[in-house]
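See the structures that follow.
Each of the two complexes below includes chain A, the first together with chain B, the second together with chain C.
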Partner chain A sequence: MAERRIVTGNYAAAYGALLSRVEVIAAYPITPQTFIVEHVSEFVNDGKLDAEYMPVESEHSAMSACVAATATGVRSYTATSSQGLALMHEVLYVAAGLHLPIVMPVVNRTIAAPIGIWCEHNDTMAERDSGWLQCFCENNQEVLDMVVQAYKVAENTKVLLPVMVNLDAFILSHTVEPVEFPDQKDVDEFLPRYDPKHAYLRPKDPMVVGSFASPEYIQEFRYQTEESTQNAKEVIRQVNDEFAEKFGRDYGGAVEEYRMDDAEVALITLGTVSATTRDVVDELRDEGKSVGLVKMRWFRPYPTEIIRDIASRVKALGVYDRAMSFGTGGPSYMDTKSALYGHSTIPVLGFLAGLGGRDVMVKDIRLMFERTLEAAKKDRVEKEVTWIGTRGVQP
Partner chain B sequence: MKMKDLPEEDWFVNGHTACPGCGGATVVKIAMKVFGPDTITYFPANCLLVFGGTYPLNSFKVPYLHVLFENSAICAAGISRALKRLGKTDTSVVAFAGDGGTADIGIQALSGAAERNEDIIYVCYDNEAYMNTGIQRSGATPFGAWTTTTPVGSVEAGKGEYKKDIPRIMMAHDAPYVATATLGFIPDLLKKLEKAKNKKGCFRYLQIYAPCPPGWRMDASLGAKISKMVVDTGLWTLYEFEDGKMTINKKPKMTPVEEYTKLQGRFRHLTKENLAALQKYAEDKWRKDQALAEAYS
Partner chain C sequence: MYEVRFHGRGGQGAVMAAQALADAAFVEGNYAVAFPWFGAERRGAPVLAFTRVDENKINIKTRVYNPDYIVVLDEKLMDFVNVAEGLSPDGMAILNSPLDPEEVDLGMSVKTATVDATTVALEVLGAPITNSAILGAFASATGLVSIDSVKQGILDIFGPRIGDKLAEKNARAAAAAHDRIKIGKCKAERTYPEAKKWLPTYQEMPLSLATKPTKTDSGLVGPGSSVENKTGSWRTFTPKYDEEACTNCLMCWFYCPDAAIKRLEPPKKVGFDMDYCKGCGICEEVCPADAIEMVR
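Here is the complex of A and B:
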């Protein structure tokens, strides 16, 4: 029987690895991720998880060990945050380029400078072109479920790409919530053992993994990664549905729509702000305002078709970002505009709030909706990017 | 293993594109004859990765993995841990890295793997500079040597610092097996490769002197000769460090270093003072290595 326990997001991320029966774990501490690798080491030392635990010397080495272990033919796992992810940067590209289905929770933490340990998405956003798929979580249940789902998506032969499972620093990583723990037997049925046909290191059937390639070949490799990324859209939907069928939790696939049936405007969110936004939507609905939430769950591959469909049903879109691409706007805002260009003329507004881990309040989200409703009414964008809750800056 | 017992078969086969007289290619060819078919290899971004075959060509009959430059030891360790999960602990996992990838950018991962006693063989083929990128100074470049980043100018000429002693650093990790070798003493090299192969389940480090004729500005036929001379001068001590015990395998003749340097264009500019400094370095090194062997006897 599935068991309900009160755990942190970090524990949920670690338990997802246990349920996925990972075989090689590479571990390196960084706040606020550290508890994940601590919990996994406890599972291993208590005999609950039969795996090789590698306490390595850096995040660069952690990702390198995962690449090598998965290239050899076993399921591998690591977790990181912020500077740790930045240190992994060049290895991330190799994992994706070699089509190695590694899954890594990333506890989203601000990147220095200034150095801080609280939530911002500028760590994973910097890796959005690395070839990794990325999903964002709203609560601890979703963290656990998405680690298991991520392996299923990553190891699908039409995809074979690594996945980051993103969870907001402290808001999820260190906060306890009730989480239903699925039965191991059910997870085993859902997620069979990793048995690669495309990349492995076996002396009796030798293969080169990571060959030096010339301009004659590299473009085709890039095209294959693009194909896999596109294929992931359908696979994400299938895995979501299969998971819902087996475990009773349906997350809606790449995007979850909340009270969108007759919404005039919507706010697109990533991460835990989605939870606050649900409440704000309910409040505004009670006040007679026709608003809805678009919770972006999978940011890579970017759900272009879904966003175009949503845009065809509303009069304006607001996009909340917890990271800035300086000089332009938040990455999610830019991707939304890019997806809609040539397909929709509705106003799209970008909102920045909660950078460096600052709380995003109900009033902040209300302001985002107010501005978006105003833009819908006027059918034009008066201010493209609005910084909310910034000292000395009028929103 | 004696030379006559070496198998005819190669696992690093002809057709690769290394330069004539390449010490690195020779090290790998001989090492693969000893390690044999039940081996998985790892190469960082080095000459070997390029001359070993560019896609879709390949000169290896065993699997190899390449990931990046600075992570040879951890990638080999990742392979080894995965093999343990798959129940294939007999397979040798061997990283072949150059001196730049070992002494400089790769030393963090190397140190970690040694400290955790990962079940891998790490072979550093030491050609004393970054050769793949075109002869730049590394931590393992010897004193005085010309490289493209220690050019012979009117104010400064050649490397001003001494060679970083990686085997000694590996000994400081109490690694179960550390050995030095050169292509000038093949029976000694074969013995060490074989020991490294058969000493399973632990971390093994070999540093093998590997002449690079274009990088050293030297005739391609001189590899074996120069590999003997480096030992005779005292610039390179042949030794083994096994389970805490250090054994020197050959007493140097202490031939003047000038006999060695004059055969290589990279040392052509050395002044009398430079040569005296290098001579003193060779004498000091031999004295220190003897003292170490005494301490670890």
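Here is the complex of A and C:
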């Protein structure tokens, strides 16, 4: 029987690795991810997880080691945060380019300057063009479940791309809440051993992995990544359904819709703000307002078709971002607008809040809905991007 | 506008020649651009460089596919590279060759100027570096730039890289070659095998290019495929090995970029695999015992 315990998001992320029977772990600690590294090293030390644990000297080395390990044909794991992810940057492209299905929890933390340790999505958003797939989690159960699902998506032969499992710093990483731990036997059935056919280093069956490529090849190479990314959309759906069938938790695939049936407006969210927004939606519904939540779970591949479908059913969309692409808007806001261009003329508003770990409060989310309802009524965008809770800035 | 394609080998200075020609044309009041094209291979691999010259500003940024002139720095290149490919029928080939134009076979009959640039370079520079001499030949064969401008171009481009003194010498090599060209028309007797490239569609291409040994139209790709790339055909200079002097320190074995030096069973020391030795001379440079000498 699956057991239930009250654990942190970091523990859930580490336990996901254990359940996935990762074979190589290479990691470097950074607040607030440190406990993930400690937990997995303990699992290995205590004999609970039969893996090679490599304490490396930097995140650059951590990702390099994972690339090499996965290229030999084993399942590998690391985790990082903020500056650590930035230090991995160039190797992230190697992992994605070589189609190595590494899974990496990233504890979303603001990236310096200024130095801070709290939640912001500007660390992973900076890597959204690296070829990695990215999902965002709402609670610790989802963190654990998504590590397991992420391997299944990543290792699917139609995908073969690495995945970042994003969890908000402190709001999940250091928060305990009840989590159900699936049985190992069930996870083993769900997630078979990684057995690559496309890239592996075995001296008896030689293969060039990571070769030089002249301009005659690189464009096709990039197209392969594009196709794999597109394929991931369908695979995410299948894996979600298979997981729901086996473990009883259905996350809705790339996007979860909450009280969207007859909603006039919706707010698109990423990460833990989704959870608070559920309650705000309930409150507003009680007040007679026709609002719904669109929880963006997989941000890469961007669920273009799903967002178009949602836009066809509502009168206005608000998009919440916890990162800014300066001079334009939040990345999720921009992707939403880009997905809708030529397909929809409804107003789309962008909201920034919670940067650097500032609390995103119920009243902030209410304001997002109010503005979106107003835009729906007027059928026009009066202000594209609204910074909420910024001293000196009129929201 | 006229377009020039230079053919040489990595290390021969084709790129500097293309730049010096652009500089010479610029000195005469033209707009000119010059740029290289090479792969990742090292010294000795065939390289291309291009020069475009016009009275007006040049916007086009593509490589040159139908040059008006080709300039070949390496006399052996013509034996297996179709250097005249795409050359305009009204164009001209300027070749480093001791032969008369009529004796040269480029697979197409075009106006040709030959100059024994290697001999000129050996006389003037004391080294077989032909990139300056060939420019002198270009100036006299085409009349597009004056020899004085070419000399200026060499001083401007070569000077900052190899020093003014050596640049001066190179300018003199250009002047010497200027008067030693032979003009005629080359033969069109041979046919070059069509250069085949492995150009898979993205579906055919192994995912992420992780490649097992694979036979393709253009030969083997993947692990071990360099066996088919007989770099020995690139060689103009050959290492002469003195086993007596050799201390078997293995520096040459370590440094040879094409793994053409083999360790032999004692009492023998090292041996050279002429199928792959491209004649780069690195072994001569690194040998502490002076046991290797590059000879033509």
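As a working rule, the second predicted complex is superposed on the first by the 395 of 395 C-alpha atoms of A that agree within 3 Å, B and C clash if a C-alpha of one lies under 4 Å from a C-alpha of the other, contacts with A are read in each partner's own complex, and residues count from 1 in each chain.
Here is the rule we use: contacts are C-beta pairs under 8 Å (C-beta built on N, C-alpha and C of every residue); 3 or more make two chains touch, one makes a residue touch a chain.
Quantities reported herein were computed from a predicted structural model and do not represent experimental measurements.
Novice: Check chain A with both chain B and chain C modelled on it and let me know: fit or clash.
Specialist: On the shared chain A, the partners clash.
Novice: Go through the superposed model and pick first if A:208 touches only chain B, second if only chain C, both, or neither.
Specialist: The answer is both, since A:208 touches chain B and chain C.
Novice: Mind working out whether A:23 is in touch with chain B, chain C, both or neither, as first, second, both or neither?
Specialist: first
Novice: Quick one: name whichever of chain B and chain C touches more residues of chain A.
Specialist: The partner with more contacted residues on chain A is B.
Novice: Kindly classify A:99 by the partners it touches after superposition: chain B alone (first), chain C alone (second), both, or neither?
Specialist: In the superposition, A:99 touches chain C alone.
Novice: Given the touch rule stated above, what does A:67 touch, chain B (first), chain C (second), both, or neither?
Specialist: first
Novice: With the two structures laid over each other on chain A, which partner does A:217 touch: chain B (first), chain C (second), both, or neither?
Specialist: In the superposition, A:217 touches chain B and chain C alike.
Novice: I'd like to know which partner A:334 touches here: chain B for first, chain C for second, both or neither.
Specialist: A:334 sits against neither chain B nor chain C.
Novice: For chain B, sort through 183-191, 237-245 or 273-281 and name the stretch that clashes with chain C after the overlay.
Specialist: 183-191
Novice: Where on chain A do the contacts with chain B and the contacts with chain C coincide?
Specialist: 206-209, 211-214, 217
Novice: If we count contacts the way the header does, which residues on chain B are in touch with chain A in the complex?
Specialist: Listed in rising order, the residues of chain B that touch chain A are 37-40, 42, 49-50, 53-56, 58, 60-68, 70-71, 74-79, 81-86, 91, 108-109, 111-112, 116.
Novice: What residues on chain C touch chain A, complex-wise?
Specialist: 39-40, 197, 199-202, 205-213, 222-224
Novice: Okay, in this complex, where on chain A does chain C touch?
Specialist: 97-99, 160, 198-200, 205-209, 211-214, 216-217, 220-221, 223-224, 227
Novice: In the complex of these two chains, what residues of chain A are touching chain B?
Specialist: Result: residues 23-24, 26, 51-52, 54-58, 60-61, 64-74, 76, 90-91, 94, 201-203, 206-214, 217 of chain A touch chain B.
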